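Shared between the two complexes below is subunit A, which pairs with subunit B and subunit C, respectively.
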Partner chain A sequence: MQGRMGRENKLDGNASAGTLQAIFPFEMTEVMVTCAGCGASNVIGETAAYVSGMGTIVRCPSCDRALIRIARLEGRSYLDLRGSRVLRIHADG
Partner chain B sequence: MSGGFISRGFKGRRQQADVAGRLPPGQHLESGFPVLSAGPTPNTPLDQWDFVVTGSVKAPKRWNWNELLALPHETPTVDVHCVTKWSKLDTHWEGVSVDLLLREVEYDSTSVRYATAFSEGDYTTNLPLADLLGGKAWVVFGYDGQPLDPVHGGPARLLVPHLYFWKSAKWVRGLRLTEQDQPGFWESLGYHNYGDPWKEQRYSGD
Partner chain C sequence: MEGTAVLGRLNWQLGEVVATRPETPRTKSITLDVPGWTGHRPGQHVDLRLTSEDGYHAERSYSIASPPEDRSRVTLTVERIDTGEVSPYLTDELHEGDQLELRGPIGGYFVWEASMGGPLFLVAGGSGIVPLMAMIRHRAAAGPSVATRLLYSSRSLGEIIYRDELDRLTQSSPGLEVAHTLTRETPPGWAGYRRRVDADMLRDVAWPPDQNPLTYICGPTPFVEGAATILAGLGYGPQRIKTERFGPTG
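After this line comes the complex of A and B, so read on.
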């Protein structure tokens, strides 16, 4: 796993694609997310993702706020969207 | 010579048995030191760093970096267990006992029974206050004879080795003492509220 030893496990938002795909029925990396903290808008593929064995934390590239927190534990997904003010989703995906 | 081989083999098996007895259920032995972080590695200059005990206390108590280092040091050697199933044995740390820090703070121990450790950024983790007392927890700033590497939580992290390692908050900046238990960063996302590795309390409901 990239970043497992000796460095932080920061990747770009595209690294969250697989985890998000298991929950949302559309391509989440192309969704625009507005940060509930600083108000910056970015497509999820261009955010920062911290991916580890515990979960995936998608963070705002401007202020580092956690936009989306996901843990998949024993067949259950836990999803926290408190850090996302708005998700803009194209109807055609 | 053959006796030497037999002796080494015997010792090897005994060591394996010793190791097995120190691994909680579902864990495997790790010789490296994996990095697991949920956010960016901070780089606060030490002259701007402090550690505070706050919350339900008579008056918050704050230590700057030099004041923390001036307290008596302890050098615990402990086994650590990550909820992602690796364990690392005989890790050598240097730090200050949480007992020592909390001794300098006045609070009502009959009603204040929980603590939230908070870190640089948004990381928090909650524990019963009793799990931070009695020689079971430290604020550590040294690892293996060196200053604690930032990717492993330096300049300072909490060390609570009898619970899963996410409770040992990296980049810790303080403890908030509370009367009510408040689930932290991972505890509010499906992980166990207490996290005893020997009872395999990984997820909520375990």
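After this line comes the complex of A and C, so read on.
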């Protein structure tokens, strides 16, 4: 599985959007994330995503910190948001 | 588009294959009828999920090639990756009448609609043309006044996806210009470029930076990173460049 998570498998945040929107009831690529490490704010579409059978990692484009990790195991989703200080969601139309 | 309304969570649903059509020897278009489909925006994708007999799932993303004007139908175009787990099944084994599990439409960042204006600069490598084709088809239907240039890199003439339709659209749809480059094999008399996308080519084809174009780049990850880096070096602001990486090149 090493190859699947290697840097050559870098995708855009857009590639994580289906997995995110299966959890959050919003279009997620335009949600703004503030990195808990370097403080950079980017919409998820601008971030980097790594997708494999084991899960999805969204990384800060400025410092590469893992902003969001999602794993799915036996019908449950595990969401780790330690790397995100704020998610700004436009949810009210 | 900021301020969009609540969409709700995505769930897996079934679509039925209503047509398949070879585009090139390695790519096939698959048209799905999806009950309850509420439409999509050009540039969005769907996730497909295949389940094996022992319950193991494989999920992959595929861009929507058809324009929103197609309403309840969704057409995908899939390139066969010979060593792949999912794409050979889609190109070789899926037939009319088969059911396919999908969720979508997905995304809002890598989207272009006629109301966003231009000038529009589209850069495609291989199957990276797929979401850009939804934009081009939508433009032809809804916003033909937006000046649009496409730079499209393929390995050979026979591997250019949608070649006839692109030729037709450049004739019938004023303000659309298409430049092809072939990286491996060129036919005799080929008038297009014959090399990988580089700074000289982008300088030739892209709108000048002072026209503040909207740029969408899509294709294999190294292709997208190469083109985006060159454009940044040529003075295009990163806020106006959107990228969609499809993954590694074989």
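Convention: the second predicted complex is superposed on the first by the 84 of 93 C-alpha atoms of A that agree within 3 Å, B and C clash if a C-alpha of one lies under 4 Å from a C-alpha of the other, contacts with A are read in each partner's own complex, and residues count from 1 in each chain.
The rule is simple: a residue touches a chain if its C-beta (ideal position, glycine included) is under 8 Å from a C-beta of that chain, and two chains touch if they have at least 3 such contacts.
Worth saying up front: this structure is predicted, and the values here are computed from it rather than measured.
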item: Touching partner for A:76 - first (subunit B), second (subunit C), both, neither; value: first
item: Partner chain in contact with A:30 - subunit B first, subunit C second, else both or neither; value: second
item: First (subunit B), second (subunit C), both or neither touched by A:54; value: first
item: First, second, both or neither for A:10, with subunit B first and subunit C second; value: both
item: Intersection of the subunit A residues that touch subunit B with those that touch subunit C; value: 8-10, 53
item: List of subunit C residues in touch with subunit A within their complex; value: 1-11, 45-47, 58-59, 61, 103-104, 106-110, 221-222, 242-248
item: Complex contact set, residues of subunit A against subunit C; value: 8-15, 17-19, 21-27, 29-30, 43-46, 53, 90-93
item: Parts of subunit B lying in touch with subunit A, wherever the complex brings them together; value: 32-41, 82-85, 121-122, 151, 166, 186, 188-191, 202-203
item: Footprint of subunit B on subunit A - complex, ascending; value: 3-10, 48, 50, 52-55, 57, 59, 64-66, 69-71, 73-74, 76, 78, 80
